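Below, each structure is written out as structure tokens.
Here chain A shows up in two complexes: once beside chain B, once beside chain C.
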Partner chain A sequence: MIALKDKSSGTVVGSVTIDGELVEFHQGETIYQVAERCRREVPTLCYDKRLEAFGACRLCVVEVEGIRNPVASCTTAASEGMIIKTKTKAVDKYRKTLLEMVASENRNLDIDALAGYASQELGTLLDRYKANNGRFEGKQSGESNEDDKNPFILRDYDNCISCYRCVRVCAEQEGDHAINVMNRGFHTQITTEFGNDLRDSQCTFCGQCVQTCPTGALTDKKAIRAKDLPGDISKTRSVCPYCGVGCAVDLLTKNDRVVGIQPAMDGPANEGALCIKGQYAFDFVHHPDRLTKPLIRQPDGNFREAEWEEALEAAAEGFTKVREKYGRHAIYGIASGRAPHEAAYMVQKFIRAGFGTNYIDNCSRS
Partner chain B sequence: MSNPLSDMEHPDVIFAIGTNMTECHPVAATRLKKAIARGAKMIVADPRRTRLAKIADLHLPLRVGSDVALLLAMANVIARENLIARDFINARTAGSDAFLEHIKEFTPAWASPICEVDAELIEQAARWYGEGNPSAIFYTLGITEHISGVDNVQSLCNLALMTGNLGNMGGGINPMRGQNNIQGAGDCGAVPGNFPGFQPCADPEKAKKFSKAYGTEIDAENGITKVTALNNAGKDGAEGIHAMLIDGENTVVTDPDKNHCEQSLKNLEHLVVIDIFMTETAQLANIVLPATAFAETDGVQTNTERRVQRLRAAVQPPGDAKPDWWIISGIARQMGKQGFEYESAKDVFNELCSLSPIYEGLNWDRIENGEYQWPVPESNHPGTPRLHEKEFKNGRGLFKIIGYRDPAEVIDGEFPVWLTTGRRLQAYHTRTQTGRSSGIDYLLDEESLEIHPNDAKQWGINDGDFVKMRSRRGAIEIKARLTDRSPRGTVFTSFSFASVPVNILTGSGYDPVTQTAELKVCPVAIELVESRE
Partner chain C sequence: MTDQEIFEHWKDKDAHLLPILQAFHDRDEHISEEAIKSIAEALRIPVAELFATVTFYHHFSRSLPGKNAPRVCTGNVCCLNGGRELLESLKAEEATAMPCAGRCDDMIPVIRGDKVYVGKDAGSLENRATPVPPRNPGKIEECIFRHIRKEGRSQMEGYRGSGGYIALEKVITLSKKELLDIVTDSKLAGRGGAGFPTGLKWKAVHEATGSPKSIICNADEGEPGCFKDRAIMDHDPHALIEGMTLAAYATGASRGFIYLRYEYPETAVILQRAIDESLNAGFLGKNILGKEGFHFDLQIRRGAGAYICGEEGSLLNSLEGKHPFPRNKPPFPVTHGFENLPTVVNNVETLASVANIVRKGARWYQSLGLGEHAGTKVISLSGDIQRPGNYEVPFGFSLQSLLHEWGGGPHEGRSIQAVTMAGLSGGFLAADDLNVTLDEASIRSKGSFLGAGGIIVFDDSRDMVSIAHDAMEFFAHESCGKCFPCRIGTQRLSERLNSNNQQLGLENWQEEIDDIGAVMKATSACGLGMAAPHITESLQRYFPEKIKTHLNHSN
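Moving on to the complex of A and B:
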């Protein structure tokens, strides 16, 4: 039996059998959640664990003994004694056929990983189920909205599979309701109120819709600019440099450049969420205005570039002179609320160890 | 924050005051929206009809700077309706008798004309907050950037104490910190009153501890604040400040009084600025030293819920840019100081942990995944997501007797309009970073002054017109934008754009305790500029 490790997150109400293994489950858990916990590979396209289960893509179907048709595991609650099979020939065939139909609707199935956090989901499943075979030649649904000139979110609905993750994340996670679904069937279209550009909607450009899109229909326009840069994409976990919420982010780098940001789905403060600043305002790092050399002001008032040794010496000499002339209480240090601990700690140590005073502050008073 | 961010999804009643959270802390605001979706009620006290106010169940559009009056009246109703947590008060607080006596006279009828909010709405807010189980308070600079900033915060504490909303899940008093590491700057002792870990400078034992650790005799008394230091820049006599080290702050643009600040920095004999850009402040320096930025720096920062997290370098810095700690320790070594020999950020952070009781259980390797919220007093301690659960650090929670005071300046015939300042979603502070990130301009490319349409009509101003806005300290020109986000008689703008230096106008007064400037209140006069398109 696979016992629940963390029993605090809910009451254990019973057990089910998954692929021959007895597993405990919590009150309210779905079959999909139980299966995911036991590391079963159940495919999904419309599922984002932060959102209410939706049951649209039907890929997560499993067989349950005593029920004639396969059931969508994401919307079916686990119940005592269920005997579940997540991988059978019939289920696999069903999933493959569904994926072949999904593939037939989309113009572009080869999506660059810079498009968004979940952008590889469809492609990965097509490979896994060998479903990208052109078996169905179908009509394509959705209509590209490339007229939207916003610089952040590319809306290519030719690649939309109507999983509604974007609509749901906007409503459930962000509470913004900027986008919605219009029409049905092949005419299904994700749109804003009155079909306006995102800028004229309730959209805050948090980028959550982009990051949850499993097909690249929504693409991070800033990141995708680096598509043709040579080199592999690396991810480095860090923290957003803006407000005090402290959202964990993954820095996407290519060739020693930051090319994009993705929210850390397991970030303790943000749990996958970001805002426009954290998501898109990162390229100041490589701005040509960056200071690259120490600068020393000359007698004529202009700065000249210097090497570190000279600059540090000049900085030190100035403090030493002022100290000699006016005493140790004539020197003051201001630390930043933007730089890391090591900076703030060093400014205060510089003042305290250097001059024996507490003449130190930071920017929190204004 | 007394409580973790995750608690924001669990209050019964949310009381958000002076916080434009959907713009300034958007990700935290999503948690409030989830709480509301689950049935929580939200009260928003804000002069402006912000997005948060629009989704509130109750919006109190109080007059700028009248927070204490509102909070006194809420306390009055809570006591009158007997919604106080008697057991909590008896077990964990002190001074309740005097406080409950004090608030008797401050009825909603008394507060209503001061706050310009109907007495019934104040009653309603008080009842909801008092009945909520739990009720949580959230605030930002709308509370602190007043001459009564400390009074405002203590008034909020009184409400939480009298209703027992401290140390409970989903409750608490939760200031949302505005900068990625402003909490950390305080944690690290970059303040005139505390050594690292909030150990008071005036405590001779602590002064001795740091004197020993740093090998220098350190004054066992508080230093002066930045505000005083700037005032004293270049002055003759013992109080004069003649050299400054400014690390990563664009003081000239963020200071509440721009002209004064600029003059102060010019008065210095020696100014060293460390930054990533040639800011307006760096322009005034004798020496400017290039620092590494986000994505280039290994380090640590602490968020608003006291979570200690690792920053990681992913790319090389441009040119000769170096980490701040490397630069500052280099200056100290050049001055012949011992104890500044560091190899890495790790060395620096571990030294901080060894000297700070709230970080004592942490070290560089332990914070790999950011799972700890301070205090973490021992190496096997799990961290402290929620403060004050069983006891207050200083024993009992003290009720404070607070009275209402007018702002430093109030409107009159010459300056008949209230100006209040704040932030916008798409811009961060002085735009040194967001202004240099592509695409942001598409959404926000200039500053504007938000005016209620009826006021604008009365003043003969159309949307897009330029207006001249004057205060007792100066004047600026700014484009008018008509919106009912502003209430009648109050206008709003941000200080993000250097082209519209709002801090020429502000700077009327400072909180006597913290010396925080009253950036949220400034009487102004507004007139149309005829000639400008």
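Moving on to the complex of A and C:
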């Protein structure tokens, strides 16, 4: 039996058989969650583990003994004694047919990885099931909205498969409810209220819809600019410098240039979420105006470059002069809102212990 | 009424989104962007979400001319009678097409505002009552239609005069268990098509914890070729109300809703009058018939044009003001129904049978069926048949007898080529398979099902591939768009039945149809996607030659 490693996260309530193997499961666990834990390869397109299971793509269907039709494993709770088969000839055939059908409604299946975190999901599955073969040719759904006037999110619904992940992440994770659908059936169209541009909606441009989109229908406009730059994309784990939350990010670079940012789905503070700043505001990194060395103001008012040691000495001298001339309360420290807890602590220590004043504040208040 | 007055009127009532939307739609003849914003703000719904929900329903107009522009039925049956031509002739008035509006035993229906007109062409359109179900020629005993032809039956006096509310008066002297036993013993089962035993369902709700419980009547008769619920509600509304009140007694429910399809505006008026009469007479409301603590509040909620809302999960979501997608099951409505509380969802025919069953006894009802079958089923018979109409047949009755003896057979000089089952959902039966009896076992053995009991007849002059195409267009039009197999599958099947653009050879055509059909039947999230491939399957089974011609002609 595959026993649960982490029994603390929930009560073990029973066991099921998955592909012949006896497995324990937690209270409330779905078949998909159990299968994933046992490293079964169950394909999905509408599933994002951060969101409530939706049951739209039906790729995750599995056979359960005693139930006539295969069940969607993402929305079916595991129950005691279930005998589950995640991979049978019939189920594989359904998955392949479904993927062929999905491929037939999309115009572009070759999506650059810069488009978004999940943008390769459809392409990968199509390759795995050899499903991009031109079957089921017919009308294609979705109406592109590439002209949406915003600098961040490209909305190319030619590639949309109506999995609702963007709609759900916007509502469930971000709480913005900016995007939803209009119409129904094959005419389902992901859109904003009244079909307006994003900037006229409740959208905050957090980019989470882009990062959960499995087809690149929503694309990171800034990152995709680097599509034709030479070199491979490399990812470097970092922490967003904008505020003290500490969202984990993956910096996307090509030849040592930052070309985009993706949220880390396993970031403990953000679990895949970012805000507009962390997601899109990285242009300063390679900006020509960016300060890369300390500058010291000359008597004529101009700056000159200096080394750190000289600059720090100049600063210390300045502080000392002020204190001697005007007293310790002439000094006022303001900690940046971008500073983490530890840095803020250091600032107040520096001001209080170093100068002997309690004039210490934070930029978000002053 | 101002926006505020509308909100004020509905704010404390259950299931209020649909009636608020209807109130705006009635007042402004469409639902404007300002209206959506105003409603969203008042009900605290995100604007994008309300916009999504409004655009889901095809009868909500979002621009003028809206509600009062004619909507012409181009359902399968009406297309046989010139529905498309009538639509064309009303184009100057900005007429639009609508799927089957449940008037298939009459001429083509045209809805303008809250009136339904019927006629062969623009000149002959008139507003008239729903046809009364014809008597069966064999004088076979009926349950549901037993009194429906009596003069004045739709009003309290007439209903009381023919045994109305006697069942309710009798039942309040019985225990809940006694009533549950009667319903269970009668073997009455869901007449909307699912066939779940009614007694079991009521018992489950009776035993479920959580309150208030609800009784919901599914009157969203959207299946093409089905018009029985309309006849029952128009001519015997009190039978439905009494049935629902009996259900409330058995289960302990205190709230009731009739979810009525948009296409039956006049039925809403008839039902409301009957509810008011019943309330005045003490058969509804608080302490019914003086029985302490027996309360039942009954409300009508009108749909807005969405076949999927006949699916119980969608219906519940629609009532609650949510996006009308089907719900994932389990849990089932008996424990997690309206507002996640125990709920009975029953079809009109099921509920309207109960009063007579209680009055005449479970054994009597059982004995109405032939052989080992219990009870009766209303069949809506339409299409190329001499006497279309609603016929209450004993289960086990021969289809051929219904078609030829009761329905009068095909028109002079014609023969029957095929019939549909379950409206369109059961696909076609043809040739020797027309020798079935009308009960699920017999019909299922032919790969079809009886369902809600709509049977559409097509004679030998009809192009079956084109009929199949129209049927699949309907399913594509009505697919909710949530699950992939149905959303893409109905569209692809419809394209493959369209004669204008066939590039596929026979072998590829068949392979594609088979693969799509198989995946839809196995993996769709609800009955719509599972049933739609019956059309293509049965077409292939009975009409392989016609498919060959279809493909040759288009190539």
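Definition applied: the second predicted complex is superposed on the first by the 290 of 366 C-alpha atoms of A that agree within 3 Å, B and C clash if a C-alpha of one lies under 4 Å from a C-alpha of the other, contacts with A are read in each partner's own complex, and residues count from 1 in each chain.
Rule of thumb we're sticking to: a residue touches a chain if its C-beta (ideal position, glycine included) is under 8 Å from a C-beta of that chain, and two chains touch if they have at least 3 such contacts.
For clarity, every value in this text was computed on a predicted model and none was experimentally measured.
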* Mind working out whether A:His177 is in touch with chain B, chain C, both or neither, as first, second, both or neither? => second
* Hey, is it chain B or chain C that touches more of chain A? -> B
* Please work out whether A:Cys206 is in contact with chain B alone, chain C alone, both, or neither, and reply first, second, both or neither. => first
* **chain B versus chain C as contact partner of A:Phe136, first or second or both or neither** => second
* Between chain B (first) and chain C (second), which does A:Cys57 come into contact with in this model arrangement: first, second, both, or neither? -> second
* Asked: Regarding the shared-chain residue A:Leu98, is it in contact with chain B (first), chain C (second), both, or neither?
  -> second
* Which partner does A:Ser162 contact after superposing on A: first (chain B), second (chain C), both, neither? -> second
* To do: Could you tell me if A:Arg39 is touching chain B, chain C, both of them or neither one (first, second, both, neither)?
  => neither
* May I ask you to decide whether A:Lys89 touches chain B, chain C, both, or neither, giving the answer as first, second, both or neither? => neither
* Note which residues of chain A are touching chain B in the complex, please. => 149-152, 172-175, 199, 204-206, 221-222, 234, 236-248, 251, 253, 256-258, 267-270, 273-278, 280-287, 289-297, 303, 307-308, 311-323, 325-327, 329-366
* **Of all residues in chain C, those that touch chain A in their complex** => 33, 36, 46-49, 51-52, 55-56, 306, 308, 328, 330, 476-485, 487-492, 495, 503, 512, 515-516, 518-519, 521-525, 530
* Structure fact -> In their shared complex, chain C is touched by residues of chain A numbered 45, 53-59, 61, 69-70, 72, 75-77, 90, 93-94, 97-98, 100-102, 104-105, 135-139, 141, 161-162, 164, 171, 177-188, 191-194, 201-202
